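Across the two complexes that follow, subunit A remains constant while its partner is subunit B and subsequently subunit C.
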Partner chain A sequence: MGQFQMDVKFDRDFVIFYTNGYINDLGGEKIERKCEDILREGYRKVIVNFSESPIINSIGISILIGLIDRVKRAKGSVCFTNLTLNNTEVFEFMGLTQYAPVFPNIEEAVRFTMGHA
Partner chain B sequence: MADGGLFIQHALRMAPDDLFFDREPEIRTIRDVCLDLPAVPAQSCALIGPRRAGTSEIAKRIYKDLFLNQETILPFWYGFDRIFQDPVHFARDYFSQLVRQYLAFQEKDPSLLLPKVIRFEAIERMVTKCSDAGLHRLCDDFEDALRDGDRTELIAFTLQAPEVLAQDTTGTACVILDHFHRVFRMSWPDAASLTDLYPSAMSSPVVPHILTGQAEVLQRHYLSMESTAGRVRRLSVAGLDSKRALDAFMGCCERYEVAVDQDAVAHELHRFQGIPFYMLCVIRKARQEGISLTRWGAIRDVYFAEVAQGEIAFYYDSLLNRCCPGPFAKRDAIRILSHPLLRVGSRLPLEDVAKRLSLDLDATRALVDALVSTGLLVENYGMMAPVENPVFNDFLRVAHRYWIGRTGSDEIRKDLFRETQDVPVLTELNHDDGPGPGRKEKQRVSFGLVLPMVSETELVAARAAEQVAERVDFSDEDIGRIRMALIEACINCFEHSGSEDGKIYITFTLDTEKLSIVVEDKGISFDPKKVPVPERGEGKGTPSRRGWGLELIRNLMDQVVFEDVPVGTRLRMVKYYPKDTGLKAQAG
Partner chain C sequence: MISPCSVAGVKKIMYAFSSLNDLGQVITSNGSFAEVTKSGLYLMLGTVSAAQGAIFRYEEEHGRFVVLAHKGVDGAPHLGLSLYAGDAKALVDAPGVVENRRASQALTGFISRNGDTLGALQAALLVPLRVGGNLVGLITVGSRFSGGDYTDDDLQILAMMSQQLSVGLSNHQLFQSLQKKAEENRALYENLQDIYNDTVRAFAAAIDAKDRYTQGHSDRVARYAVAIAEELGLPQEEVEALRLGGLLHDIGKITVDTSIIRKDSVLTDRELLEMHRHPTVGFDILSKINFPWGDLSALTRHHHEKVDGKGYPDGIRGEDLLLGARIIALADAFDAMTTDRPYRKQISLRETLREIKRCVGTQFDPQVARTLFQIIEKELTGRSMKPAIIPSLRENFDSQRIREILQEVHDDFCYPGIA
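And now, the complex of A and B:
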C-alpha cells in the first residue's frame, strides 16, 4: 500500500483532504496535523476524501474521532466522502457518522458543506 | 543451407538463436494442432499469451522450420507492420510478399526474402523469369482483379491466394499473420474490412493460419466474432515455466557476460513471470551498469530500477501514451489503474470508478476503452478488472507515486525495495482431501504465516488473508471485513502482547463451510472479559477514541474466541462461507 500521502485543496471557505494510502497512526497523525494547520489559518469546514485509502485501521479512526472533536470545538464541520463500503460500515458501527456525515462522492460533500453555515 | 537460416532471421527480424529461449513444447503443440497436414484438415489458431511472452518469435521459428526442413507445406509469413489507407496497396503488398516467399521456397533460396521491402514491379520481373504455370495463372488472375475495380473482390482474392497457389503446387500451405491486431486499424470506405474477409480464408482445409498479436484485442474483437467461432482455435502461450526461465536467465547472463548466482536468480525469478523480455531488460541493465547479479538483493534492485526508469518503464509508458490524448488523461489513467480496489483484484463498475475519483463519466469511458484495447485493463459486462500482470502493477506503483504522489524516482525505488524485502511466503501446512467418495466433505487446507511485529506488517497479513479468502466465493465486502478484522488482531498483538520473540503466528484454515483464522503471540495473556466496551457516542459526545480493536473484530467476523494457551494469546476468528459455496480451489 505504500507510504501515506495527502493532498490538500483549498476551495472557497472549505478545505478538501485527499488521502492516499493506509491510514494508521502515522497516516492519522498527518491528517490531524494538517487539520490543526488549516484551523489556524481560519478554515472551519473540512471534507476528507478517502477514495485512495481503502484501508483504515482502528487507530487511524481514533485519530479521525479526535479530528472531528477538534473541528467541532472550533465550531466547524467535517464530512467524509468516497469511503469503501467496509469503512462506511465501520464508521457507522462506531457512531462517527452521527458527527461527520458520509457522502458517496465529492460533489455531494461539497453541496452539503456549502449549505452548512 | 547454413546461411539460409540467417537470411530468414534478417528478413523476419528474428532474435538471434542464442537469445531465443526454449519454446520446444509450445512449438510442438502448434505443429500438432495446425500442421499435421494433409493427414487432418487444417486448423487455424491464435497464439494467446501475456504481453511480451514471445508469440511472434515462436511463429517466426515455425516459419523458419517450415521453410528449411520440409517441402510439402508452403510457408507464408505476413507482418502487419504498416497500416494501409488504400486496399489496393495492401493487396499488392500482401500478394507480392506471397509470390516472393513462394519463389524463395520453391528455389530453396532464402536470399530472395531480402530486402524486406520490395517494389511490386520487381516481383513482376521475378515472375516473368520463372516458368511456373500455376504461379503465372495466379498472377494473371490477380492482375484481372486489380483491373476489375471491385476492391472487396480484390481483397478476398488476395487472402485466398495462398490456398490457390498451394493447390497448384505444394498442396498445402501455412499462413502466419504477425501482429494481427493491427488489422483493426485498417478500414476502407470502398472495401469490406479484413476482419470480415479473413474468416473465410481461415476456414480452408489445406491452409491453416497462425495469428499472433495483442491477446486482449484478438480475443475481444476477432475471436469472439460469430464468423470465427470454431474456425480459429486459441492456443495459450504462457511465460516460461520456472525451470526454463531459470535456464534462460542463466544463459542470457552468460551471453552478456554478467556475473550471476543461480540461487539468487531462483529467489527472484517469480518477478519476471517467465517473460524473456523482462529478464533481458534486467540483464542488459546490469551489464550496462557493471552490476553483478550474484545476490538476490542486486537482482531486485536492478529490476526496480528498470521498472522505475529503464526499458520496462519506457515500454509501459509508451503504451499509456498511446491510450491517453494528453497529460491530464494520462494522470487520470494512472489513477484509474491504480485504484486500490482494482489493485486488490476487485471488479468495479465503470460508473463507480468515475464517481470515486470524481472524473467525468464520458471521458472515463473513452479512457477505459483505450486502456482495454491496449490490454492494460480488462472490461466485461461493464465491470472493470485489473490485468494479471505483476510487472505492470509494479510499474503502476511507480507511476502513481511519481506522477500523482510527486515522489522522486530514486526514493520510489528504495521504497519498493523496502516494501518487498520482508514479505513472507504463505506456506501450506497441510492439505487433507480425504479418501474417495467422501472427499468433498473432508476437504480442508491450512496455510501458515509468521510475521515480525514491525510497523505495517499487518498489511502483509491482510494481503495473505485476501489471497486465502479468494479461494472461496466470499463477496468483496466479506473479504474487506476479514481483512480489517485481521489487521485489528495483529495491531492488538503489537500493542499488548509484549512478546519477546516479536512475532505473530497466523494460521488460515479453509474447510467445507468456513474460513478460520488463528492469530497467536507468545507474549502476555489477557482476559478479554476485562476489556471495557468503548462508547459509541449516541448523542453523548463523540465516540471513545481507543479500545475499538476487539469490538470491531467481533462485529466483523461470525465467531471470535480466545483459546487457552500456556503462553501468550490465541485468537480464533471464523467467517462462514456464503450459502452454496465452498472451497473452490485446491491448494498449491
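And now, the complex of A and C:
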C-alpha cells in the first residue's frame, strides 16, 4: 500500500474520515490533525471508516488514542467502522472501544451517531 | 498477568511482540533522528495504551533532560527536567520501569523537583534509558487510557522496548559527538592549511622582493601552472602541488646576490654560474621539507630543464622530465616574456605565443604548450569561468588584437618528432 491518505466527508451533524493505507507510521498523524481542524470548525461527532486500512500497529493505536482523547475533551463522540476482525480485537483489548464503539458498517455507525446526543 | 493459554492472552502477546519488532525496524530505519524518537515514543505509548508521554535526552554536562518528542500534551509547554547530584545514579540504579507513586526514596527528590513538568505529562511511569551503566535518556508514560493500573506485563514490555530505544539514542549521541569532533578537526585542518599557505606565500613574496621586476612573478607562475594543470584534468593533489611549486620554484634565488638578479646587462660566466645554481639550491632547501602534495623539490630543481635535454642542472629530456616541471618551465617562461625585465621590455602576447611555438619540441613540451594555447583561446573568447592568464597581462586587447592572437593560437605548430 502507498502512503497513508485520508478523505473527509462532511455531513450537517457529523464528519466521516475515510482512511486509506496502513496506519503504522507518523503519516497517520493526519487523522489527529484533521480532527483538530474539524473540532475547531464546531463539529463534535466523528466516524472513522477503516475499510481501506487493514493494518494498524501500535503507532496507529497511539494516534487513535490521541484522536479519541481530543474528541472526548471537546465533549464529542467517535465511533469506528469497517475494522478487520484482528483490528477489532486489538481495539478491544487496548481499551479504545470503551470510548469509541465499533460498528461493522457505516450505516450503523451513522445511526449510532445520529442517536447520540 | 496475561494468561498465555487464553486466546486473548496470546493475541496480546502477539501484539506486544509485533510492537517490539516494529520498534526494531524504526530504530534501524533511514528516518531522521526526530522521526525515529517520535515513532519510538508512539510505539511504546500505543503498546500499553497510554495517551500521554515524552522522550528526553540526557545532557550530562548541563545536568538536565531535554525533550525530544512528546504526545498528548497540548500546546508547547516547557518540558525540561533538571537533575541534581545523585539523580542520575538513582535513575541508573532504578528498575527498568519506575511507577511514580512507588518510586524509591532516591528518586522522590527528582520527582518532586520536576513536579510541574511531570504533572503536565501526567507521568505515571518513568522509564530510564541506559546503556552500559550510563544514563542516556528518560521516557515518561502517562496513566492508562482505558483506566486501571499497568500490569506487570505492560511494565516488562516497556522495559524491553526501552532497552532498544536506549541503544538507538546512545548511538545517535555517539554519532553526534563524532560529528562534532570531525567538525573541530576540519576547522583545525583548515586553519593549519591557511597558516601553511600564508607561509608559502610569504616565502614567495620574499623571493620576488629581491627585484622589483619580479614582484608577483611566483604568484603568477603558480596561477598559470594551476590553469594548465586543471585544463589537462590532473588530479587535485597534483594541481595543488603545482600551485605550491609555482610559488616556490625560485626559492633558490634567495642565495643569489641581489646585484646579479637586478643586473640589466649580460651576465658574466661567474654570474651566470651562480644564477644557474638557484634550481639546485632550491632543491636542497625544499628536499628537507616533507610536503603533503607531490615532490616539490623535484619541480623546483627541474624548472629550467628543456625537453631536448639542453636545460640545466641535469639535462633531463622529453618525458623523463616530470610533467609538473614541464608545466612550471612554460609558466615561468611565459611570465618572463610577458613582463618587463631589467635587461628588456615585456613582449606582446602574440609575440610570446610565436616564441613559444618556435621553442616547442626543444624548450617546451608540445602538449603543455597546446594546453596553454587552449586556455588563452577560451579566455579571449569569454568561454572561461575563471580566467587566470589574460587578466594578469599588462596589455590592452582590442578586437583586432584578439583576432590576431586567435589566429596565432589556431595556426598549429610543428616541432621535431612530429611529422
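Note that the second predicted complex is superposed on the first by the 115 of 117 C-alpha atoms of A that agree within 3 Å, B and C clash if a C-alpha of one lies under 4 Å from a C-alpha of the other, contacts with A are read in each partner's own complex, and residues count from 1 in each chain.
We take it that contacts are C-beta pairs under 8 Å (C-beta built on N, C-alpha and C of every residue); 3 or more make two chains touch, one makes a residue touch a chain.
As the structure is a prediction and not an experimental result, all values here were calculated from the model.
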Clash-or-fit label for the pair subunit B, subunit C on subunit A: clash
Partner chain in contact with A:Ala74 - subunit B first, subunit C second, else both or neither: neither
Contacts of A:Glu107 with subunit B and subunit C, given as first, second, both or neither: first
Partner chain(s) touched by A:Ser51 [first = subunit B, second = subunit C, both, neither]: first
Chain touching more of subunit A, residue-wise (subunit B, subunit C): B
Which of subunit B and subunit C A:Val8 touches, first, second, both or neither: neither
Touching partner for A:Gly60 - first (subunit B), second (subunit C), both, neither: second
Subunit B versus subunit C as contact partner of A:Val90, first or second or both or neither: both
Which superposed partner A:Tyr22 touches (first subunit B, second subunit C, both, neither): first
Which of subunit B and subunit C A:Gln98 touches, first, second, both or neither: both
Shared subunit A surface residues [contacts with subunit B and with subunit C]: 24, 26, 57-59, 61-63, 65-66, 68-69, 89-90, 93-96, 98
Complex contacts: residues of subunit A adjacent to subunit B: 1-3, 5, 20, 22, 24, 26, 49, 51-55, 57-59, 61-63, 65-66, 68-69, 72, 82, 84-86, 89-90, 93-96, 98-99, 104-107
Residues of subunit C that touch subunit A when the two form their complex: 8, 11-12, 15, 18-19, 22, 35, 38-39, 42-47, 49-51, 71-72, 144-147
Complex contact set, residues of subunit B against subunit A: 335, 338-341, 344, 355-358, 397, 401, 404-405, 407, 415, 419, 455-456, 458-459, 462, 477, 480-481, 483-484, 487-488, 491, 534, 536-539, 542-546, 548-549, 552, 555-556
Footprint of subunit C on subunit A - complex, ascending: 24-26, 57-63, 65-66, 68-69, 89-90, 93-96, 98
